[in-house]
Amino acid sequence: MQFDVFTWLGGLWDWVIGVLLWLWGFLMWPFLWEGPFDFFAWFGGLWDWVLGIFLWLWGIVNWLIFWVVDFVNWIWFLVSLPENFMFLFRAIVFPGLIFILLALIFTVWYTRKIWARLQDRRGPMHMGKYGGLQLFADAIKLMSKEIIIPDKAKRWMYRILPSLLLVIVMLPFAFIPWDPYWNILGSPTSPFPDLSVSLVLVFAILTAVPVFSLLIGWVSGSKYSLIGGFRAANNQFAAEIPMVISSVGPAMLAGSLSLYSIVMAQTNIWYIVLLPINFITFFVAAIASVGTFPFDAPVADSEIIFGWRTELSGIYFTVVYFAEFAEQMLYSALMVTLFLGGFNGLPFLAGIVNFAIKWLVVFFLFIVVTSSFYRLRQDQVVHLCWKYLLPLSILNVVLVMFALVYIPGLVPLVIGG
Amino acid sequence: MSPDILDESSVIWFGPQHVSAHGWAAKLTIVGDYIVECDPNAGYFHRSAEKCLEFRNFRQGSMILERICMMEAFLAEYPYIAAVEKIVDLEVPERAKIMRTIMMEFNRIHSLQFWWGQFAGELGLFVMLLWPWVDREYSLDAFEELTGSRHTVSYATPGGVKYDFTPKFLAKMETALKLVKDRMPVFNDMLAGSPTFRLRTEGVGHYTAKQALKWGLSGPNIKACGIPMDLRKDDPDPNLAYDLIDWEVPVINNEEHPGESDAFDRLLQRFKEIETSLDIIEKLLPILPEGPIIDPKARSKTNRLPEGEGYGRVEGTRGVTSVWLKTMAKAQTPWRAKIRGPCFASYYSLKHIVPGARFADFPAIFGSLDPYPGWWDR
Amino acid sequence: MSKTPGSASTLARTIINKYPDIESKPLVGNKVELVVPPEMIRDIVSMIDEEVSDALPESLFGVDLTEDKYEVIYIFWSHEGKMLVQLRVSLEGETPEIETVSDIFPGLDWHERETHELYGINFKNHPDLRLLLLPDELEGKFPMRKSFLTDRSRMDETGLARPKPRPKPGGESS
Amino acid sequence: MGFVGNLGDIFRILKHTFRQVFRRPFTYFYPFEDREYPETTRGRHIHIRETCTACAACVRACPVAAIRIDKEDKKFEKDCALYFDYTRCLFCGDCVRACRYEALFHTPIVDLSEGDRDDLIYGPDKITTLDRDPLEWRGRRFR
């Protein structure tokens, strides 16, 4: 049965007229009726009226059901197109959301284990084998905790901002070329074959992170959070520019701003061989931008209790905690992409495996370096980033420019095969 | 400080439930990033130890004192015992004297190691928080082997010491001290050799020797200014063995600012303290004679004390630790016992050192003074 | 540092030459005790500040001798002369009063605050006599006085007989 | 201390931390493993009633009044029952030192945790013996 909205609509008017007439008759009967009121005649007409209403309602429901079914049909038709299906599978399952979440859980465990080793401890041991399920236990515990919102907090902003922060931090993962085939945006087989500005987009999205830190600190209604929020903004202000300029070197060598193309250009030689200092500046600037240990003035626990996260509790804290690890993961992945050849590597391994191995190594370095130095004061962070990292990275850009022009064999080498 | 600046000030309570303010609170008035006023608050740990001592007899008193500062438990209990010994005029056997001194220096080493970790933690390096504490475990194991308790040793008693050295203890002590000595270069690299550490501590928490004396600072905090004020040398307790050997007072002289000290100088000073303590133990161990460890009449003599006043002092890890004791005739308990903790002065001096510093430097300043809340709250 | 006297007795003599009211009592070692009348404490402390260039204000505390008699004891230590000076001030009255010395030695500021709250000894012209250690409900109770009774019920729980009463304070203090 | 010197310092620090990762951790699995306690450890007490003479020297020596004596409760000729309150005990060892009849000792048992404060008052039934209920957790028995 095909439902026709217009037929149905056309019938509606007759019905309305009928109802109105009936009502009119009902109102006018004391004047029009001759003789005594015949209750049963009136009562007999009532049923028709009720039935009319039921029919009308059913018409609406029927129409809604068909509309929904049609809509779902249409969606399914789109999804079942091969290219669309593959895109969705990537975005949600494999290099996308679920993969990232699993990697995040693994990262937290990995970080905690290395921290524990550095501090002469064993780290989580009891939940699951080698404490592998500890994060789930922690997450369940944190989520089941009471959420305490301070009196002076702006309640709705306080509720929304932590989740938004996580979303913002997760977005750039869409641009990371995990594998020649399995990636979300940028591979030749995906519906968006070559996103030519993905490097810029990643930084553009990441710029929003300190805004969220500052806002969370602001709306928490606590002095510690406010100071922490400003320090987070200060950190990003110091570290963003050296980091972006450090990423110019690989982009110039590859002749592209697309992360996928930069990786494809590294088939002959990894850029860390050509640009070691550039790698170090990017590395330090990335640490400063994340705000972990040597640069953790925003969350300095011996000064301002937990910085901009002081007032967060329960699920909000969990989300923000995940966001920090996601950011560290993201920067490690960016370093692998820009300097360590991305998925290029051992030919008999899948691209994603190559990427994961390098990523683990970079993340290990990240943790070892972050837990070897004392916390810098916020003015010293700016001092370091602007006085040492910025000139070094600019110098590197200049050197790369000259090298590309004047060294003859360089261009074929760095463009890749 | 003009009044207009104070219009923009805000007050931040640093403690008492702060991560690094364990049991104390300072009210900081900050303008921008700078602290203009610091008002330290005491009393969160006040247990009235002085009143407690008035109801304990002369052998029990030291148990109360130990619990004031767990990190230097033996150094904390010793002044009371010294004061009792001064009133009764007890002569301690030679062996007990040297054993007391060895334990005292041993205790000082582990207390200073604890401080390394604490200071590094306050400056944000959690790795260094735990490394010295792990090494310290070996010292604590040695204490446990000797006395049966890891921190609160209650080792000395009026007239001698309670437990004799055993070969097991000596072996454990040697392990612990060897580890301290071996790990010294590592900690030197991680603390004094770290560029980030120098950035955070140099020029922070600055004061001159004259100021420090007026505030009553003592111990490493004033030795860092170049004044070799050390009670072990200046006024050695007659029942300790510091005058039997030849040793140097650890003191550093900073050429850049003589007679003044900052947080970095205080770190170097404490490194030197450990070296001196190791040196003293090394020199004392060979001359340890055989003999009794306690005066056999001490127990009956300390049941009831004659009327008198005694002032027992010792150079603690954190400075001059002393107990002033007054007894009435034939008293079982002291009439008045005044405990002078070294950190009473160093905590008070935050009031003068901190104004003008950046807010982020506040942990570096109080950490470098090595405050322990038990000492001012008692 | 040239003005630093060599020994404690020399310092005591210098002080007594200027203020003859003061008695001095040598203690064991290079230590001296001066019995100072309460009204002269500022003169003596400032004189110590002038004479001993590296005087360390080690301690200041009160002693309750019952019957409204109190003593305040000041202890100064000098590293140069390796000497210790102990000042003893006898006070009387329900709320005894004495001049503050916290402007001469800032380190004694908190000691005076503490003595004030624990013994009820009023230090005149002290800038800040708030409570230091005590909680607010004990303000004005002066817990270190002998008249402040503590809860001794724990001793009854031990099953022992009650201990003999404390000996009376014998005469004047030494 | 120039720039190069700082770099050298930084590399030395990284060397120390990097080595630490591959070192065996210091900690152990506490409820399942435990370290060796020396014989001198001042843990909970054991009261030997056979040799006790009810002299109450331990009660007098206690600085915190943690021991209660009950002279009526006699099991042998002239012994008494002792009640140790471990919410107060300082483990200072003075009661053991005060005992001249070899009736009171420390044991190397230091894990005294209980679910209830009243359970920490060890009466004559608990203080005279070292037996206690074993604790099981996730199928493993410890202590």
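Note that the chains take the letters A, B, C and D in the order they are written out, and that residue 1 is the start of every chain.
Please note the rule applied: a residue touches a chain if its C-beta (ideal position, glycine included) is under 8 Å from a C-beta of that chain, and two chains touch if they have at least 3 such contacts.
As the structure is a computational prediction, the values presented were derived from the model and not from experiment.
Asker: For the pairs C-D and A-B, output the one whose chains share more C-beta pairs in contact.
Answerer: If we tally the C-beta pairs in contact for C-D and A-B, the bigger total goes to A-B.
Asker: Relative to chain D, which chain has the most distant C-alpha mean position?
Answerer: Computed centres place A farthest from chain D.
Asker: Report the inter-chain centroid distance for chain C and chain D in whole angstrom, where each centroid is the mean of the CA atoms.
Answerer: Their C-alpha centroids are separated by 41 Å.
Asker: Roughly how far is chain A from chain D, going centre to centre by Cα mean, in whole Å?
Answerer: So the centroids are 52 Å from each other.
Asker: What is the distance, in whole Å, between the centres of chain A and chain C, each centre taken as the mean of its C-alpha atoms?
Answerer: 67
Asker: Two-or-more-chain contact residues of chain A, please, as numbers and ranges.
Answerer: 118, 120-121, 371-373
Asker: If you look at chain C, which of its residues touch at least two other chains?
Answerer: none
Asker: For chain D, write out the residues touching at least two other chains, lowest number first.
Answerer: Answer for chain D, listing residues that touch two or more other chains: 10, 13, 16-17, 20, 26, 62, 64.
Asker: Run through the chains and report each pair that touches.
Answerer: Chains touch in the following pairs: A-B, A-D, B-C, B-D, C-D.
Asker: Write out the stretch or stretches of chain C touching chain D in their complex.
Answerer: Where chain C meets chain D, its residues are 154-155, 157-160.
Asker: Give the list of chain A residues in touch with chain D in this complex.
Answerer: 114, 116-118, 120-122, 125, 368-369, 371-373
Asker: Once bound in the complex, which stretches of chain D touch chain C?
Answerer: So the residues of chain D in touch with chain C come to 56, 59-60, 62, 64-65, 67-71.
Asker: Using the touch definition up top, name the residues of chain B that touch chain A in the complex.
Answerer: Listed in rising order, the residues of chain B that touch chain A are 10, 12, 18-20, 33, 120-127, 129-131, 134, 194, 196-197, 199-200, 358-363.
Asker: Given the complex with chain B, which residues does chain A contribute to the contact?
Answerer: That would be residues 115, 118-121, 223-224, 227, 293-294, 296-297, 300-303, 305-306, 371-380 of chain A.
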